[in-house]
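Shared between the two complexes below is subunit A, which has subunit B as its partner in the first and subunit C in the second.
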Partner chain A sequence: MEILKIESTEDSPQIVLDRESNILEISGRSLPEDVNTFYEPMMSWIEEYAKDPLDVTVFNFKLTYFNTASSKIILDILTQFEEMIEEGHEVMVRWHYPEEDEDMMEAGEEYSEMVDVPFEMVSYS
Partner chain B sequence: MESGFLEFVYDFYKSMKAHEIKLVYEGRVTQQITKAFIALTEAQMKENAEASTVQRKVFHVMVECLQNISRHADEYESGESQYAGKGIFMVSRTEQYWCVTTGNAIFIEKVKELKDMIEQINELNEDELKDLYVRQMREGRLSTKGGAGLGFIDIRRKTKKKLEYNFLPITDKVSFFLLTTYIPRTS
Partner chain C sequence: MSEEILKALMQLFALIIKQDGGVEESEKAYVRTFLSKQLSSEYVSQYYFLFEQHAGLGEESSSSPPDAEKLTPVLDSVKVLGICRRINKTLHQNQKIVVLVRLFELVNADRKFTHQRMAIINTVADVFKVPKEETSSIEKFITSTKPSEIDDPLVLILTSQEESQDTTLHQHDPQETGSIVFLHVPSVGLYFFQYTGEQELFLNGLSINNQRIYLFANGSTIKPPRGKPLYTVMWSATFCMKTLIREYP
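Let's look at the complex of A and B:
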């Protein structure tokens, strides 16, 4: 599968989706002008990946900020993982948050309640 | 130049100082403007050693407010001017609060729906707000403009304060929608 790598900008996150190296990560800030257009390549990649995923899929969210429009996209991604689990695949999410950022921690906890996907909360300084 | 213009500028400057207005803008709100304003305000808050939790909340509120104007401000014509995606945006400060204020035109027929939505959000407690946010996220489809109606709920949840707003008539077809958000400086 092709590697999808998108560099971060001041209003959009870095995305690295690399099946061979087992790196699935989104990090940084997400407030792009048009979330649907920005996230389209990522959504397509994940859809393709879901057809033939790794034995264990670990997806890392390392966002420092996301706007409400992006929050809906994050739920769409998590819903895709939920479907993969229903199909018998093993998927887990690592939700990284700055240790002093309560809102980002709570956001992760809320997502973990919304979908049937195992979450590991990871704080960093 | 009009006579008294420079005196006006000086009075304007004094008003800005008195109200600690850190940023004021009138015009079209684009993504470039949004990025510039958050960078500017972030720099000011860092300089003032504002608590990082406060900085993050101000950042959140600014982004949602600016994107509200750019996506939802209605177009109306006054003489030769067009007002789509335009409005006023202001960031000010008091001892206790950072204050983010927006104002933009909105068609009269949309006022009731918007007002009802804000009133509903204001009356909910934290758990109810969370439920509403989740429901909107699940059910609310992103419009072509990208808004999901989540901004107001998010602002209310992040600040834990009621949304303060007003509608003032511009013409018989258009109202001016004002929204002020207070972000407490002690967290």
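Let's look at the complex of A and C:
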């Protein structure tokens, strides 16, 4: 699979999806003007990846902020992982949050209650 | 409406209107009126308290200026998704449309259509899987300052005024200065209406308030001060005719 790499801007996150190197990560701030257009390549990549995933998929969310529209996209991604698990694949989410950011930590916990996907909460300073 | 859904709605109402400068008096009044139509008076305070808690009313110092530019907290966004998922599991699609209408109506109470608030409502519509064109028509129907001038394929207007747009039907009543504006939501077969005039109109025998949006449910009747009553079935047929005329001019 081709590597998908999107550089971050002030209002959009960095995305690195690299199957060969086992790096699946989104990081930074997410409040792009047109959320659906921005995330379309990522959603297509994950949909393709789900057809032939790695033995163990570990997806890293390392966001510092996301807006309401982006929160729905994150849920769509998690729902895709849920479907992969239902098909017998092993998927795990690492939810990284700044150690002083309780909101971001609780947001990860809320997501983990919404979908049947294992979450690992990782704080960083 | 079940206890669980009312609790979810109070939380949703609070999460929307606490954004962008906080809750306005007219919005609080809307929530109270909404509750009083669903519950007996002894329960209104109980649910209103829940709304206040989620909206964080009383937590901020009254001297602190509202932060109109503040971004929606990530936790609020995710909570909205959680509530919508719970509603998705409990309510039928037509009930979810009614919830969406009430959310637009809530924000319309103070006409504070800020980006953060509208982003939340549009995300709710997205999670409820409401077709985008219907969400757009619902928004236009509720938030327009001149409902009698809405030009939208899902809106029909009954008026005595001289109008020329193809959303308008005429009734002959020289004393009537207002209009009855109907919205059709085809995906669930629901109709809503609002009245812009000053005369007394009755929905199923009960007087209506011209500040509110009403569900025009199957079997309902609107009785204008003069002229013939309006039945749901008439409007269903009228919308069908309008669609046919638009598609096969």
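In this section, the second predicted complex is superposed on the first by the 125 of 125 C-alpha atoms of A that agree within 3 Å, B and C clash if a C-alpha of one lies under 4 Å from a C-alpha of the other, contacts with A are read in each partner's own complex, and residues count from 1 in each chain.
Operating definition for what follows: a residue touches a chain if its C-beta (ideal position, glycine included) is under 8 Å from a C-beta of that chain, and two chains touch if they have at least 3 such contacts.
Quick caveat, the model's predicted, so the values are computed rather than measured.
> Judging by the criteria at the top, classify the pair subunit B and subunit C on subunit A as clash or fit.
clash
> Looking at A:119 after the superposition, I want to know if it touches subunit B, subunit C, both of them or none. Which is it: first, second, both, neither?
In the superposition, A:119 contacts neither subunit B nor subunit C.
> Which holds for A:107: it touches subunit B only (first), subunit C only (second), both, or neither?
The answer is second: A:107 touches subunit C but not subunit B.
> Give one of first, second, both or neither to describe whether A:31 is in contact with subunit B, with subunit C, with both, or with none.
Both partners, subunit B and subunit C.
> State whether A:72 touches subunit B only (first), subunit C only (second), both chains, or neither.
both
> Using the touch definition from the top, say if A:11 reaches subunit B (first), subunit C (second), both or neither.
First partner only, subunit B.
> Run through 41-49, 59-67 or 77-85 for subunit B and report the one that clashes with subunit C in the overlay.
59-67
> Give me the intersection of subunit A's contacts with subunit B and its contacts with subunit C, in residue numbers.
Touching subunit B in the first complex and subunit C in the second, residues 31, 65, 67-69, 71-72, 75, 103, 110, 114 of subunit A appear in both lists.
> For subunit C, which residues count as touching subunit A in their complex?
Spelled out, the residues of subunit C in touch with subunit A are 71-82, 85, 116, 119-120, 122-123, 126-127.
> Looking at the complex, which residues from subunit A come into contact with subunit B?
Where subunit A meets subunit B, its residues are 10-11, 31, 33-36, 65, 67-69, 71-72, 75, 100-103, 110, 114.
> Help me check something: in the complex, which residues belonging to subunit A touch subunit C?
31, 63, 65-72, 75, 103-104, 106-107, 110-111, 113-114
> Once bound in the complex, which stretches of subunit B touch subunit A?
Residues of subunit B touching subunit A: 31, 34-35, 39, 52-53, 56-57, 59-60, 63-64, 67, 130, 134, 137-138, 140, 142, 146-148, 150-151, 153-154, 158.
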